[in-house]
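You will see two complexes here that share chain A, one where it goes with chain B and one where it goes with chain C.
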Partner chain A sequence: MYRSFLRSAALVRPSIKLSQQSIRFYVTQPITKDEVITRAFDALKTVATLQESKISLESSFQKDLGLDSLDTVEALVALEEEFDLEIPDKIADEIKTVGEAVNYIYEEEQKL
Partner chain B sequence: MSQILPFTEANSKRVASLFRRALRTAYDHSMKFEAYRNTTIAVRQQFEANKHISDPTELEIAIKKTEEKLAEWKHPDPYIPPSRPGGTKFERNIPVKGKVIEEDW
Partner chain C sequence: MAKRSGLQREVLKLYRMSIRCIKTKPPQTREHWRSFIHEEFGKYKGIPKIQFNTIEHLIRTGYKRYEMFSNPQIKDIH
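Our next item is the complex of A and B:
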């Protein structure tokens, strides 16, 4: 039934503007690790103290990127906002590098 | 002990936790992202103002004051990410466990 609907929609489509007449599918592909990494880096770039620094997976927030403890919290909160999750205090204290944060987020996204 | 007493790792964790809670409270209270950003800057400044504290009792007082302020600003209906525990989308479509009995009524 849905297939036939889609087919008919595909037939109707060319007459209407493509951009406005898109069908929304509510099941999305599971997020890939690369996607997590790029989105995490983009989110980290919004943190004021990280804007000019070179971020890599191995870089440690406090040692390599030179953040203090509050900056680290800000960076993690920026990641929380990006991925819409809440990192509990205990785990947030354990996270020292960008890679660890990315791994945690990736595992959490798999649970959804 | 290599560090001066108030700047131990445990204390910085406490302050970090307070700061995190303050940011979340700010998020709960601001309807617009721009307002939230400005509030985070204000919160950060309030924390920075107490950066110099090196006396343990003074530190305890500052932490207690922050706790009180957080309790005062605690949001009655805080934001919970939809897919996380307590959120509106949490476990909405959990797969059924076990077998469905069909003809054994």
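Our next item is the complex of A and C:
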């Protein structure tokens, strides 16, 4: 028991030292809605079926952009990759327009 | 858009899982995976939605193949 305590103490100490040296205080700017929109549009442009279509906030994935349900899933996963989050299945089923997706991502980013 | 049936949602779930899995593959092969998944699902696009047994079977085999292909040792496909 004593030995294990020593080992853990040895493990802890350097990490404390390190964190004291390398700590920096700064605040990242909160992400703005415009930024979310431009990044989302760029990410959507990489989806094969969306390359030529005109994307706007109001366009619906299925009605305006002419995607089927599988392509919609693909577009949403592209957005997930861009923003490094995971949209749960239930919410992803509800999202029908680009604007709704952007709103959801924006709200999630605010929570971080 | 009409509300989706349980079976439709199952299919979408499998598709989403497969597409997410592409991220774990090496970057230069990702396009192959994408088109492979697209083709595999596209093969059965024409199945009438009344054929529950067929679709259920396809979902089951789909999961089996997903498990097989998600193995990190499998890196490329054509």
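Annotations
We take it that the second predicted complex is superposed on the first by the 85 of 112 C-alpha atoms of A that agree within 3 Å, B and C clash if a C-alpha of one lies under 4 Å from a C-alpha of the other, contacts with A are read in each partner's own complex, and residues count from 1 in each chain.
Everything that follows uses one rule, which is that a residue touches a chain if its C-beta (ideal position, glycine included) is under 8 Å from a C-beta of that chain, and two chains touch if they have at least 3 such contacts.
This is a predicted model, so every value here is computed, not measured.
Residue contacts after overlaying the shared chain place A:62 against chain C, while chain B stays out of touching range.
Once the two complexes are overlaid on the shared chain, A:96 sits against chain C while remaining clear of chain B.
Using the contact criterion defined above for the overlaid structures, shared-chain residue A:74 touches chain B and also reaches chain C. Using the contact criterion defined above for the overlaid structures, shared-chain residue A:84 touches chain B, although it does not reach chain C. Applying the stated contact rule after C-alpha superposition, one finds that A:34 touches neither chain B nor chain C. Once the two complexes are laid over each other on the shared chain, residue contacts for A:112 go to chain B alone; chain C is not touched. Under the contact criterion defined above, the residues of chain A that touch both chain B in one complex and chain C in the other are 69-70, 73-74, 76-77, 81, 89, 92-93. Touching chain B in their complex are the following residues of chain A: 69-70, 72-74, 76-77, 81, 84-86, 89, 92-93, 112. The touching residues of chain C, when paired with chain A in their complex, are 1, 4, 8-9, 12-13, 15-16, 19-20, 23, 34, 38, 41.
For chain A in complex with chain C, the residues that touch the partner chain are 48, 62, 69-70, 73-74, 76-77, 80-81, 89, 92-93, 96.
In the complex of the two chains, the chain B residues touching chain A come out as 12-13, 15-17, 19-20, 23-24, 27, 40, 44, 47-48, 80-84.
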